[in-house]
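This report refers to the structure that appears directly beneath it.
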Amino acid sequence: MIILITGLLLIIIGFWAMLTRKNLIRIIIGFAVMDTGINIVLVAIGYVKGKTAPIIDKAVTMAQGAEAGIQAVDKVVDPVPSALVLTAIVIGLAVTALMLAYAIRMYKTGNSLDIDDFEEQKW
Amino acid sequence: MVNPLYLIAVFLIGAFLVPFVDRADRRLSLGVMYFSLLYTASLSLMRLWQLFFTNGNETQVFTAGFQPPLSIALSFGFKEALLTFLVNLTGFLSGVYLAKKLGKSGVQSISILLLLMLGANGLILTRDIFNGFVFLEILSIATYALIGLKSKKNALAAGFKYMMAGGLASALLLIGIAFAYRYSGTLNLDTWGRLLIPMTLGYKIALFMIIMAFVIELKPFPANGWALDVYQSAHSGVSSLIASVHTGAVLYFFYKLLPLMPYEFLPLLAGTGLVSFLLSNLTALRQKNAARLLGYSSTAQTGLLMFVLTGLYRYNVHPSLVLFIAGGLFFTNFIAKSGLFWLAGIIKEKTTEKWSILRKQPLLLVLFGVFILALTGLPPFPAFFAKWEIIQILAQQGGWVALTAILLGSLLEAAYLLRWFGLAVRQNSDEPETASLPYLKLIPPLIGTILLFALSLFMGSQLYVLSEFMYFPLLALLVFSILDCCPLKLKGLLLVAAIGLWGWFSVWPRLMGIGQLFGLVLIGGALVQVFGFLHHKGREAGLIPLLAMLIFSLGNLLTASTKLDFFLTWEFMTLSSYLLIMRGKSSHKAALSYILFSLGGAYLILTGLSLMPPFSPGMAFYLQSGFHSIGLVSTILLGIGFLIKTGALGVHVWLPDAYAEAENEFTSVLSSVLSKAGVFGLLLVLVMAKDVLAANNLLLDALSWLGVFTAFFGALMAVFQEDVKKLLAYSSMSQLGYIILGFALMSHLGWVSGLYLTFTHLFFKALIFMAIAGVILRTGTRNMYEMGGLIKKMPISYISVLMGIIAVSGVPPLSGFGSKWFIYTSLIEQGHYFQAGLAFFASAIAFLYLYRLIHTVFLGQPKPSQQNVKEAPFWLIIPQAIFIMVIMGISLFPNYITKPISSAVSIFIEKPDWLSWTGYNITLNSPVLHGNWNGNLVMLVTMGVFGFPLLWLLLINARTQKVKQFNIVFAAERPYKPWTTHFAHNMFAHYNKALGWLITPRITAFWNGVTEWSHSLAAAFSHIYTGNGQTYLLHIFMYILVIFIVGGIR
Amino acid sequence: MSYMDKTTGIPEQGITPPIPDTGEMPDREWRKDDKTLTNAELTLEEQDWFCDARPTPAKPAWGPVEKFYNWARANSLWILAFGTGCGAIELRPLVTARYDISRLGMQPRPTPRQASVFMIGGYVSIKTLKRIVRSYEQMQGPKFVVAVCSCAINGGMYWDSYNTVKRIDQYIPVDVYVTGCMPRPEAVMAGFSKLKELILAGKAEGQNLYAEKFDWYKANQKQVIKDWNMPDYNW
Amino acid sequence: MKELYDTISLQFTLKDFHQQKPNLAFATAEKQQLIALLTYMRDVHRYTHLVFVTAVDWLEENRFQITYMLHNYDIKADFGIRVMLDRDKPVMESIHHLWEQGRVYQRELHEMFGIDFPGSPGVNEPMILEGWQGPPVMRRDFDTAKYSLETYDHRPRDTREPESHMKEKLYPED
Amino acid sequence: MSLVTKLIWTFISLGIVTIWGLTLTGIVAKIFARVQGRLGPPVWQPFIDIIKNNAKRTAVSHGIMFYLGPVFRIAGGIGTYMFIPAIYGSLYFSNFSVSGDVFLVMYFIFFGQLGMALGAGEGGHPYSAIGVARGLAQMTAFEVPFALSVISLAVQYHTLNITEIVAAQQGGILSWTLFTNPLAVIAAMIAMLGMNMYNPFSVVIAPQETPIGPPTEYSASFLGMLATNRGIFNAAKMVLFMNLYFGGATNLVEMIVKTFCIYFFSVFIGVAFPRFKTEDAIRFFLKVPTLVGILAIAVFLI
């Protein structure tokens, strides 16, 4: 539960940063923070107290038959959120990297890192 | 069965392969890209083939060998196949379009393009929500990267804004998926859909977050500032990809998610869609930047699609119909929008104002026109059928709010799109010639056009309208477009022959009664006037095809047998006449107001038609056999719709400008023939609404007053015109007022008068307009006071106008008096005394403008600048000669016209006993009114009393000296300048002093106010787009919050 | 050209005196052929706007018919009054109750086209002469001229004026002169009575005289009217 | 008016002051100063109305006199400014830019006296005498009777002494 | 009655009405003169004028339409008369009134005016066009009360046929429209003032400003024809008014007396009033007379 709240807090902090900071880099940092928060939330959702990791080892014997399979599933936490998190981290990383690349190029073309300097197109 | 995995695999492999082969040769990597795109497109096509012909019904493919909950499922059914085909084809075309750019900007961009296609394909194919997320992210990242290709500051800023928005959306999506997963335990959409999960608040919120993430990706108004910036600043090829491929894929996934959503979300989503549609279109009104304009249009269309997908569930519509509608809208938008973006890239002009360089490029112009008209929802393009079906559903099931919003939005969209079209077509610009066309870049829009037409035929065939009503006008357009390189006279004569044969052998036998009369007016009248067009020296590209389309549509209007046929034909007519008006020299503004009023009218007609019983035995049928009742609302809507076409008072604003600015000969057709289509429609309504009207006397009274006021104000406004065509335009309006007045009586005599006037108005108005066309052609001006004394130069034209004005004014002995006699007697007979009085006033005012017309143009002082004016060309004389003969004929023998009209009318309203013909004497012996008129005798007496004085004068006046223009008594002075001696300008100043206050343009001011007001509103709305990425982020956040609160999700 | 050069009393382009009426017709450049005039004083463009026909004498009808016509003409004198000088005031009393010419079938007419008597009411300056010629030519024949006041007869008190013509009959044919400075309305009416007598006697053929001696009249007119600026015959 | 004259004299060379009535006075100005003087009178002393411009031919002194009559609406006073020109070379500056109606008077003076006003619009057009080709008619050295006799054909007149003629005619027996 | 007889009687009828119309003009001129304290021209003066005009030896023509203008005008006048039954019950004086009803007559009046306007227009004289513009403008205005009055008659008598309208008024002076429908008669009589173009509605032919308006350029026999038409047309109009409002006539004497009285009305007004400007005339006709006309209809609706 604490983890969940932490995650949500991070999301809010990140979003806040994205909304209020003017510097592009800070916005990107805000985004990264938000991304981390989301990942934490995901993990928190997937985690069930007292269960083991969804890895086939001794704790989860590879059983034959349907009944045993269900038993085995019962013992581990849901692996799907974890898998999601892995993917999400990758994607978040890619987006963050791309954003940074953008920031560099924007600095080159606009000579500024202030997002307020990039509002020529409107209406 | 084609494995959909191939689609993904091909792109993946391609994307990875490209950097390697690029080392060898850039062309090789481009080749890989084209191969991947073409190959996937052909795979989709094969799949389509399979589904159609081998009836393979298995569509799901599971990866990793597990059943759904454990594995990711891909679905490759009909929808997916069609969509991927289109997406990949568009991708390929974009590749072709971007070839130069891609070649320059390096291998990474090729890779990214392939990745983008991968994401799009995956998003379409996958049935797993998380997989969807992944593909969405791939798609988005690829898009970001592509936007970054253009290293302009604006593009980069837009990309960054987009990334911020996309980041927020994906965060939402991810959280939503995670929470939803807690409730469902599965990520597979099919499994999920089958689960019956209790709708707890948490679950709902999770679902809300998921769907809102996609809604945000679909760029709803007003949370779409970032998207507009992207559209505006990105490379047009990329914009086109975003508008078509990206939006298409996301939309499809959105559609796939819908079954999961609780029902209470659907109206919410539908509402957001509608709001987005309406307000985006409104905001676009003020937009001058072409790319941004397209962006607005794109978001609007997406909004409409959202509404269609989510809103129509309420109305118990069969899902396949929903798909049909959505498909129609989607494909039109898909192709047309990408096509327009491509064109925007070719034109390279940012503001819509500068698009007039298109005029020099006929091919581009045609493509542009096709895309614009397709987006506007005009037939034969798929959006037309979609809109037809939507309105059918909404109108029949009472979705009035949605219906109003959709029609209003469509009208706004038409307004800015067609204004743009007008700017491109206008002739009075002097743009320099553009450089040679990039032919490679032309291929994509060309293929898009072909695809659009193919889809149109497909959609049409689905609605069973692939009858002559659809293909005759189109075929005519096509055939004569191919023949367009022939000399004008040959084309024209071919057209006359084609229509003559078609009319005689195909249309005429199917008509009877009033239908036949209108057949004569619409087809015959138009046919005679075709000759008038043939005097031009050049080829007049585009004239004959459009004219052919128009006349075929007019013929079809009479024989249309279903509601859809009727409306389709009506829209064809509107479209072709709009394009014909556009041919005028500076007509783009006039044409815009014409098409907007016409579309407004058409939408009313559409709604009215939708309210009619669904299984009606055919429209024109009513004019032949029995009555068929329609409801009150339908009556009013249809009535107003047709009245707009006739140019009744209040909605006449388009009329003078359109008449004045169209080509001179076409004005004649507009006035004499096309306005009769509105009359035909009105008559149709009156026939069908007999029961309603019997119950509501007020309606008919209102109509008759409307008619007489139209007649009165039309005449009064005509008096003060300096422009000869405007004068005649208002005169036409006035005459149509009489026709409306006649029909509004709903009596035998009233209808006879209306039809009689319909006929005679055709003859004399076409006569005058044709003669004036010759005059304008020869003098090169439309201002009457710049002409004068042309009787000596153009005697035949003078005779035409003389006959015309005698007939218009209703002076005996010519046929015009018949219409006056009929109208007054029928009015008095029906007890409409005051209308009769006002109508009499109007007809007296007609003398003022008619005298002004003939005096200022033909009499008075000839101008030195027109010293060498010749008689009008032979081809213009032909229709005049025909009409003069007809007028003389029916003046001498009025029975040939009055009797058929009476017998045709008597099918609907029985001929009363007291109306009788003895020889040429029409006798009226009604208990309330006696009267008679013997046109033949009047003519003979007049000829007699005219002949004797003439002989006397010839006898006694042996020594008459013929003198010249300045041999006038000028108070012992001599005149010096013909143009100051000619009393012409502001001829009725005293009348203006006395009655001018009546015609202060209040109605025009009202419509101008509407325009002004909507533009101000648009400006106000557009100011929410501040250009700041953070503000946009806030918009999105607030938007979601507001929807959440408004939706009241509990 | 400035007047500075012509400060002496001698006109640079001297105006030659009128040609004596010898019956010999001057051959002038305005005469293109027997039927047409050149209208040479007009620009080419203006020549298109004016009729260039020459007036021709009109034969009277067969005797008794002409007598009947003359009776009608004499009893329906429609007056075009040209108020050039103080004599203009004399027409007004004529239509009042005291003198009432309408009882004789006379009435003032506002347009030369419809009038048959041209009443010149006083001295004729050159500028006025131009208008008189124009109006006279625009009248439809038979037309009669009554010149009132001594100024119209011999210049009167303007005998030494540099721009008043002294004899109108050298420029248009005059049927009746009424003397006096100014003549009383009774005198004017007496003049009209005389005119009636002339008409009834068939002697008032001023129109034909003008047509026959057209060249002579025209030459005289053109000698004094220097800015001609109108067609040679104002139809 | 004398005060006014004195005031103006401070700036302009004036002479020959002549007060004809309490509210009507004349003075002679220098030709070169005239435009400045008129402008000054109009703008400073509110003589805003140009009543007329006329000329007098002083044949014996061989000069023309042009009089500009100005009127002040406020005090209802007129002030005439005279200018003397050389009769052999009568050229004067135009005042049409001060008073629009000035050009009409100038046109008239040009026609009647032959005084030239370069720059005045339409000054060469005939005003009253259409097509006049003789000398300026109001010049005193133009003999109109001689001109008339030379130019027009006078009706031969029977010149008799009225008294004796009437006596002879009415009472021949006396 | 054979066609030939019919034609002969038509000519006789036309001849009578022409003579009467011209005499009427002469009488009116005489009356004007007497009112002004003059002797005035003899009543046969119009005939002398017409003879004189036809006896003119020269004429000018500005073109074919100019030439045809007077022909149109007189055809309009004669035609108008042709379509009115002159004497009630007389087969010989019914002319060609079977051709149509009162609307035909009302519209045929325009025939001559239109033709004349065109002819005058070709004259090229601005005053002609000004006169026509004024005349047409005034015409639109006075036609309104007249039309309303005729509609009122149609409501009253249930017929537009002139003969039937006259028939309905037979049987004593009190059955004339004048007494059965006074409002309509008032409206129509005021409209007639405009039609006859005497003061206060004579701005069309304003002899001072626009020398006699449309026919400025007409001379000689053209003018003679116009003058002839003035007689015929006035008489025809008076016959129409007599038929519509004053019980028609059963013999020639009655016709002459009645038409004289009707015409005298407009003369009576004409000698006593100054002239309206065109726009004032329009405003005048569209106010009180129109209101009276509306009332004339409204009384039948209540």
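Residue numbering begins at 1 within each chain, and the chains themselves are lettered A, B, C, D and E in the order written.
Here is the rule we go by: a residue touches a chain if its C-beta (ideal position, glycine included) is under 8 Å from a C-beta of that chain, and two chains touch if they have at least 3 such contacts.
Predicted model, so just to flag it, every value in this text is computed and none were measured.
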| item | value |
| --- | --- |
| Number of steps on the shortest touching-chain route linking chain B and chain D | 2 |
| Chain B and chain A - chains in contact with each | none |
| Top-ranked pair of chains - ranking by C-beta pairs in contact | B-E |
| Chain occupying the middle, per Cα centroid | B |
| Farthest chain (mean CA position) relative to chain A | C |
| Gap in Å, rounded to a whole number, between the CA centres of chain D and chain A | 105 |
| Between chain E and chain C, distance of the C-alpha-averaged centres to the nearest whole Å | 39 |
| Chain centre separation (chain A, chain C; CA means) in Å | 114 |
| Centre-of-Cα separation between chain D and chain C, whole angstrom | 35 |
| Contacts with two or more other chains, residues of chain E listed in rising order | 57-60, 211, 216-217, 220 |
| Where chain A touches two or more other chains, by residue | none |
| Residues of chain C engaged with two or more neighbouring chains | 58, 111, 113, 235 |
| Pairs of chains, among all present, that meet the touch criterion | A-B, B-C, B-E, C-D, C-E |
| Parts of chain D lying in touch with chain C, wherever the complex brings them together | 89-90, 110-111, 114, 116, 124, 126, 128-137, 139, 141-155, 157 |
| List of chain B residues in touch with chain A within their complex | 130, 134, 137, 141, 144-145, 148, 151-154, 156-161, 163-164, 166-168, 170-171, 174-175, 177-179, 181-182, 187, 225, 228-229, 232-233, 286, 292, 1022-1023, 1025-1030, 1033-1034, 1037 |
| Contact footprint of chain B on chain A as seen in their complex | 11, 15, 18-20, 22, 24, 27, 31, 34-35, 38, 41-42, 45-46, 80-81, 84, 87-88, 91, 94-95, 98-99, 101-103, 105-106, 109-110, 115-116, 118-123 |
| For the chain B and chain C complex, residues of the former touching the latter | 864, 867, 959, 961-967, 969, 972-974, 978 |
| Chain E residues within the chain C interface of the complex | 29, 33, 36-42, 45, 48-49, 51-52, 55-60, 207-208, 211-212, 215-220, 223 |
